[in-house]
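Take a look at this one; I'll ask things after.
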């Protein structure tokens, strides 16, 4: 990767410097393990405050697939499955982690990575209208990502619609916020942390892709919803011995609005890149307003581009064109964007 | 925990400073994710070299329970179980992670945390001699810890005996090295990394309890033994996106013998504490020569002791006495030991 | 159901009388359990002979979902999934049994219940062409039903195409023969038991829906393919203590061509019903040539029809019409068909 | 087995003739599948009545291991395990079916196959007294067999003690009644079906070993205890399509006290055999008063005995002696016992 510009993803560098500094400052202090330390307690308090749910439970896990697998299994009964977009992360890129825990992922059609409340509702109505439903997997949870895998956003109105459907059918609503910082910092977004706390049964605030070394903060607004979650996490091999490492990171991310700053830097950068690409005549895809930029490149040009820039292959567009993804993050600089602009000449 | 001396475990502080420094130095460098970066490659090379198995596979995971669960499941067929001491970590303190993956833990009697090769052999002979064995769980793997949960050590001769048994019955030998640094640095130890590579199907070199923030390095001397391990790890939610964090830590731990230095500091400290305790008339337990010190304390005295020192409760000894555990680690200082000595007056 | 004609399915009555007679004849004879008896041995021999695979393994299980769950899990590695029609029985009506065993069902588009070899091939090519495949479920098996859930048939040529694809990608081919008697007895069918033995890794010969009280005969042409299958079956709770009950049934079904006779009676009946329906102006669906008849009925007429005949609801056709299923079996009589014809007046 | 007397187990013959007759009588009647038929409804009513729990749920499954695996998993949370005698059927001879479902079997010491209430209580107290319990498997259920695998019986007083413990710790009590007929018919027994209904969360009435071809009747006195059990059963591959076969058998077994008659015949025969063995100087083991007879035989004598009688090997007694098991059942005749007596000369 040496000498190349890197826009391939939002987890290519280390962590925001504030996090590393805090790790240095606390390094020689002895604390209790497994997240029972005071720094983790402080981080949980900050998150509860930011979410406006003083009574909620906050739990730190290490990564996104782990979080989805542990929490979705904890929310479902053995005979239940989870509804998700056919492009949802759990449907496609988690190596069957949900099924490995015994649950079917029931896919719904998507548009730019989003599912429609009415499609979810029809799926549930069909299930309950089917005389054979006792022979079928019962839908127990709706999974959505905010932003989606295509960088798009659900509106508060859409989230409220999902909540109503979940209430009607007595199932859970779960939001995967692996890149939540980039939704929260996006001008087009109208879903706040407080909204998520009001509307979701469980959601998580991504750290790994939003400036931390690793770590995801799970919020369970109704703290009694999942009994014995500590043991569940241990059983899944997801309990970090030096749990304070998670506490340190989220304590910093939720101090002085750092989480929003991380998001803003990435959005600003992504907006610049989108402007540049448009000006240079490239076609953007999916209408993503967050930190992921999808655009179509002619294959020959892409080959050259790839010599200078790390990007992500997204999908084949046609014989001669490819959709690629560029991503910005907390550390993206104006210099990098300028360099990219020059390469795109 | 403020103002208290802390000897409760070997994972109460951060990481060895060399690790943090490397994290700072590399923080702004972009690399590939998932352990596909150059630092992780370097760390794997160093470990292969230290183990004398240039053809082996090395894989980094985040924690001990996760490592045991993922690797033991990967080694076993669905109808097989794992043999372990009734005090083995997988038998007692992993919340059923092995069973959660579908496998029985078949316990053998222990003495000071160790199982005897002849007990394992008899168990296997009984299994193969039983006309009902098709209705029983087939033993597929012997699990031992080096050092054990009681801080004791297996000798090379004992390991060779286990290897012979495994060969005879065509099962796997797995060594949990969560605290391996403290075995390797112990004068009583005669089992080297090369020995482990020769004798085990899989073993892991512990990071979390041996100076890292987190992380365990799995060594698979026969690199083709477990196909598609990357996907297995992903499926289990055990794949770290910023995988280089694991690479950085093990690259440092295996540079300039740091892993042995970490071990030596702890052993030196533990030996001092054992000497102090003996001089002051306390009874030590289990004959542990590594970084864990077990001793019997009178309950009243323990109450006072506990006001000044963080320790681990191990077990009730009798109505009036308790077995406690003290642990040293990479960061234990002479000052701390002196302070402990004074408190023990 | 009293007084009603019953065409709702092919498992509404008991068993072919020959089976009950054999059960009576052998009732007081003591035998070994778990299928280790002589009658089961004889049944296995008859099936091996009928399949032209003298070296194959034959194993009896109790029901179809059980057979699919046990055998597909036994064929797959933990990180693999199974490809199936989106209308496949394992995709829709087995309550998530495959996922419960840890495997994803990867659905392919269908037409009249059938998947196309080229769709399976493209799916596999896409998987192997995707740079992210290590994060995805690896396809490990193609599942098809013969006849399908819609009563349609795969041709030998199609099966050969699937076999070639499986060979190319080194995955398994599995055929669910829950209603295999009705394929074998169908004039349109050109796939024999010998063909299945040559082309499949595993297939099963259905008993439950083909004249037995219960039971499915699994054929594994390469007998060493699944080691320790007995223990796997026991572990899944699928081992019948009085295993000879399965042996008795299949020994009868494969004596004097009874299995074909069972099939022929049903096909003859179904053909008559199809003729009657067509003559009376009803529209048949899916082009099913086997023992399941699908036709469209006007809802008002269906209500009356339902007072006199047990049928299966299949799906809504439009606001005013419904697709229903009628099924014939080993016990369908000319009198019943005549009665049906009169009711359809 | 030809020409040999057979006392090797209680599942070597077919079914009680009353059952076969009913199967013949109903063979050509069409009914609904999956246990939704009228005969199954009648059988459930008879069992509810016999158990004095008109509000309870009764569910029919096919075999014992299946019943234990399905029901214990349905009763436990994912982080819970089941306590059982180290000789319990689920601990030893079910090929790890419980672990396959994700749960640890936590073994207690036994005497003649029985566990002591005080041992269970101490285990639970230790668990709740352990500071590390969040890292351990939570005990969620006590499993006992009535009669035990050694043919011994729990008294009502003992069962009440287990119930009190379960209430104190809010866990479930489950009784495996694979051979319940032989407990109910035993003069020493003081535990009735009504007692079981009052004291257990779930128990099952064995059919397979008590005169049926196959089948176990699960009784859930509090019918709402396990929601969606039908789907759970389907998901586990344990749902019989022609469910009435189970209904027919239990409808007969609970008509005119047949279940007790089956039991009585076996007990009468076992008592005769025990008398004969004692008179001839053999030593009986375990004090079993039910249909299983355990006795010590000298190895040379056993070899000859084995030429004429099918028996079960139980365990090695010493170098020169073996413990064997003989079993009687619904079909054991006076002639067979006389023949055995002569062979024992």
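Chains: A, B, C and D, in written order; residue numbering restarts at 1 for each.
Methods note: a contact is a pair of C-beta atoms (placed from the backbone, for glycine too) under 8 Å apart; a residue touches a chain by one contact, two chains touch by 3 or more.
Keep in mind it's a predicted model, so treat the numbers as computed, not measured.
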| item | value |
| --- | --- |
| Inter-copy rotation, chain B to chain C, in degrees (Cα atoms; steps of 5) | 180 |
| Centroid-based (C-alpha) most distant chain relative to chain A | D |
| Whole-Å gap separating chain B and chain C, where each centre is the average of the chain's CA atoms | 50 |
| Mean-CA-position distance for chain C and chain A (Å) | 42 |
| Gap in Å, rounded to a whole number, between the CA centres of chain D and chain C | 33 |
| Chain A residues counted as touching two or more neighbouring chains | 78-79, 94-96, 100, 134-137, 231, 234-235 |
| Residues of chain B touching chain C in the complex | 73-74, 77-79, 134-138, 227-228, 230-232, 234-235 |
| Touching residues (chain side chain A, partner chain B) in the complex | 1, 6, 8-9, 11-15, 17, 20, 23-24, 26-33, 62-70, 94-97, 100, 208-209, 213-214, 231, 234-242, 245, 310, 331 |
| For the chain C and chain A complex, residues of the former touching the latter | 78-79, 81, 92-96, 99-105, 131-132, 134-137, 313 |
